[in-house]
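Down below is the structure, laid out as structure tokens.
Just so it is clear, A, B and C label the chains in written order, and each chain counts residues from 1 on its own.
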Amino acid sequence: MRGRPAWMWILLVIAAVGAVPAVMTDPFFLRLFTEALMWIGLAITWDVMAGYTGYLNFGHGVFFGVGAYTAALLIIRAGMPFGLAAALGGLVAGVVALVSGWPTLRLRGAYFAIGTWALNRAVGQLALVLEITGGPDGMRLPPFLRPQFFAWVMLAVVGATFLALWLLLEQAPFGLKLKAIREDESGSLAIGLNPARLKLQAFVLSAVPAGIIGGVYAYWITFIDPSSTLGDLITDQAVVMAIFGGLGTLIGPVIGAIVFFAFKTYFWAYLSDYQVLYLIILGLAIAATVFFLPDGFWGAVTNRLEGRRALRKGLSLGEAAGT
Amino acid sequence: MAEPVLRLEDVSMAFGGLMAVQDVSFDVAPGEIVGLIGPNGAGKTTVFNTVSGYYRPTRGRISFLGRDVTGRPPYALAAMGIGRTFQIVKPFAGLSVLENVLVASYLRYPRQAEARQKAWEVLKFIGLGERAHLPAAGLTVAGRKRLEMGKALALEPRLLLLDEVVAGLNPTEADQTVRLILRIRDAGVTILIVEHIMRVIMTISTRLIVLNFGQMIAQGRPEAVAQDRQVIEAYLGEDAGGAGGVCA
Amino acid sequence: MLALLPQAIVDGVLLGGIYLTVAMGFSLAYGVLHVIDFAVGEWIMLGAFAGLAFTEWTHLDPLLSLPAIFVVFAAVGWMLQPLLQRVLSGSRGRPVLMALVFTFGLALAIRGSALTIFGIFTHSLNTALSQGSWHVSRGSFFLTVPFIRLAGLVYALAVIAVLNYLLKRTDFGLAVRAVAQHKEAAGLMGVDIRRTSAAVYGLYVGTSAMTGVFIGAIVSLNASMGPDLSLFAFFVVVLAGMGYLAGAPWAAFLLGLIQSFFLIYFNPSYVLLALFTILYLILLISPTGMFRRGV
């Protein structure tokens, strides 16, 4: 693309989005705005492992929950300021990724899916039984009810995450190396890649932002408990959003998150009596997307575009992609 | 002989009770093209796998450029200068042809711009420049084999292990590949090549090593090896022991 | 404390028997289809609810529903497997990963449906055997074995015997083992891969559902019990070594013992944590299972 580099466009978009909370100050809208951003963050971080590296993390929510609980504990028990607490939430999530990833990433994808899924359930169980985390009653944080503030904080965190992931996965060699591992881990050894190390780096990269987002969530909602932060639903929704949007890209999960969040909001507004119906829809959405749209929405779009461009120019597919 | 690029000393590889390779020792001198031949199951790919770090030999020592590299992982060996292709080609199917070579280029050129330049050079060298943006999965067998070689070449190896890069190609493609191999040799790369197509390996190898049932049964110039009785028996069976030679 | 030991051991063994039936079906399905079915716990759960529904409609003992439940669920599995197969043979994306996601989504949909239809409450399956128990008391040694748990063990042994016979002594079993080892070769030798795979999946779903009836009777049932049961199935199979059927009994009984020990001696809520820790240690030390024979 001629003109300004991609990262400037990204910053521009973030700035443009940042103007919205200044103008639209209705608290309900700002809440939706903040939550939509939160889901974008969770979806793109899930995609780091699933789409780029080819490893399914069915317990991704554990990073979010660990971040939330860490921040909550630090704010309540240690009187730490919010920003620092959220940052440490991300750090602890990163450590969890490091420690849990080291044994499980050496194995095949199925074991990794099981291991991460089990980790999420185990940590959820831990939060339920420990006194310090408040058990099933959860924890209440000191209220700081400023919708605009949280809208901007979430935008800053998720925006920075997107930018960082863009630079690391789309611009820097790191992303392509991960994809090579995804395509053929054994073959990637022969060209000088160390998959164990790269996968662990990717895993930590996916965990830290999710942890920070969790920390922000805790202070924003002022209440956390095991089911809301360490339950299945966090992971389940992130999975739907990323898969529906399109794995292996950053734009795909963003689109998937926005679309699905819009659907979810509409659903809760009109069908909140049928809460468990939501689970069914989630599950069917995942299964149906895998079945009918394996490349996701964005993947289908880019496939179409490449085909059209080739037809228009009368070129072969390969040559068209290069122009 | 100048210091050998590669030296195997009593290398053995056992899988459970099966000795795939037994007490194999040989040198590869700089600039040589050494052919590794033998009937199916003789252990040729196993030797490759030990030299490229995919297997750790049960016994023995492997030295590369004078350094002991026994048991080092493949990525370490790639960094030291060993490149290889795979008998069953392993392109990164979801990536483009260019991206396949680009990932390999990062080893020597960690920066994006230089790596890209290197990748384009390699693509032109192997003749895949026009198909750079095609998905690797869309290449023909010949294209894939050349891409394999390209990925290994991007590592700027001192030693290149070629595993059946000519098998499955039609005569024209095979000739092109042979010319490519010779160009690689001329560029200063030492080559160890496994190949079943006798015509090819006889003409380009400076030296042949023959394996049978995991053991070395002959070593030397192609003409001499072709007349070796043990080699003939290994390929054609004991009845053919008196016949001419392994056909070239 | 020591007096409780025999009880803990017996309970553990009996529980382990139940888990073994789940693990065997699951491991079999994995060996043939090469996909981890994240919905394994949901099939068990559905079977339990099917038993409950059977009892409420017919007022008969839930154990009598076993044959019907097997047939119905085996049919469901048989019909579902081609869908799974289509995902697995997809040309785009990474099929094995996508199949995992597919079963993950399926599990979620099943759980949501169960919650919708059956609500959030916990039920219990009452059978003719639920009340009685075999009681031994000699000095400080005592043992109580509820009949229903004993029945569970009998069921488990029967299932294992039948599966064993099927696999080792019938043509169908031969086909299954061929497909598990080398699909293409099996196909070339005249094995109908599609039908064999569908049959195996049906067998696995049917068996899991039957096991659900026993779990519902021995423990309890609720619409959210699926994930924990899936975790148990994963635990047994990973511990035994994926695809290594002979290791499953040891792992299943170990799981049963761990659970019963926690129930009797420690805090039951820590069971999941203990299982998880052991799972992780196994993956750390010996990813191919405790016998190092896994895949």
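By definition in this document, a residue touches a chain if its C-beta (ideal position, glycine included) is under 8 Å from a C-beta of that chain, and two chains touch if they have at least 3 such contacts.
Just so we're clear, the structure is a prediction, and the values are computed from it rather than from any experiment.
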item	value
Pairwise touch network: line, ring, star, complete, or other	line
Chain ID, smallest distance between chain and overall C-alpha centroids	A
Two chains sharing the most contacts, counting C-beta pairs only	A-C
Inter-chain centre distance, subunit A versus subunit B - centres from mean C-alpha coordinates, in Å	43
Cα-centroid distance, subunit A relative to subunit C, in whole angstrom	32
Averaged-CA centre spacing for the pair subunit C and subunit B, given as whole angstrom	48
Where subunit A touches two or more other chains at once, by residue number	182
Contacts with 2+ other chains: residues of subunit B	none
Subunit A-facing residues of subunit B, complex	52-54, 73-75, 78-79, 83-84, 86, 90-97, 99, 102-104, 106-107, 110, 112, 115, 130-135, 138, 151-152, 154-155
Sites on subunit C touched by subunit A in the complex	35-36, 38, 83, 86-87, 90, 92-94, 96-102, 104-113, 115-116, 227-228, 231, 234, 238, 242, 267, 269-270, 272-273, 275-277, 279-280, 283-284, 287
Contacting residues of subunit A [partner subunit B, same complex]	171-173, 176-177, 179-180, 182-184, 186-194, 248, 316-319, 321-322
Parts of subunit A lying in touch with subunit C, wherever the complex brings them together	50, 54, 56, 58, 100, 102-104, 106-107, 109-111, 113-115, 117-119, 121-122, 125-126, 128-129, 182, 232, 236, 239, 243, 247, 274, 276-288, 290-291, 294-295
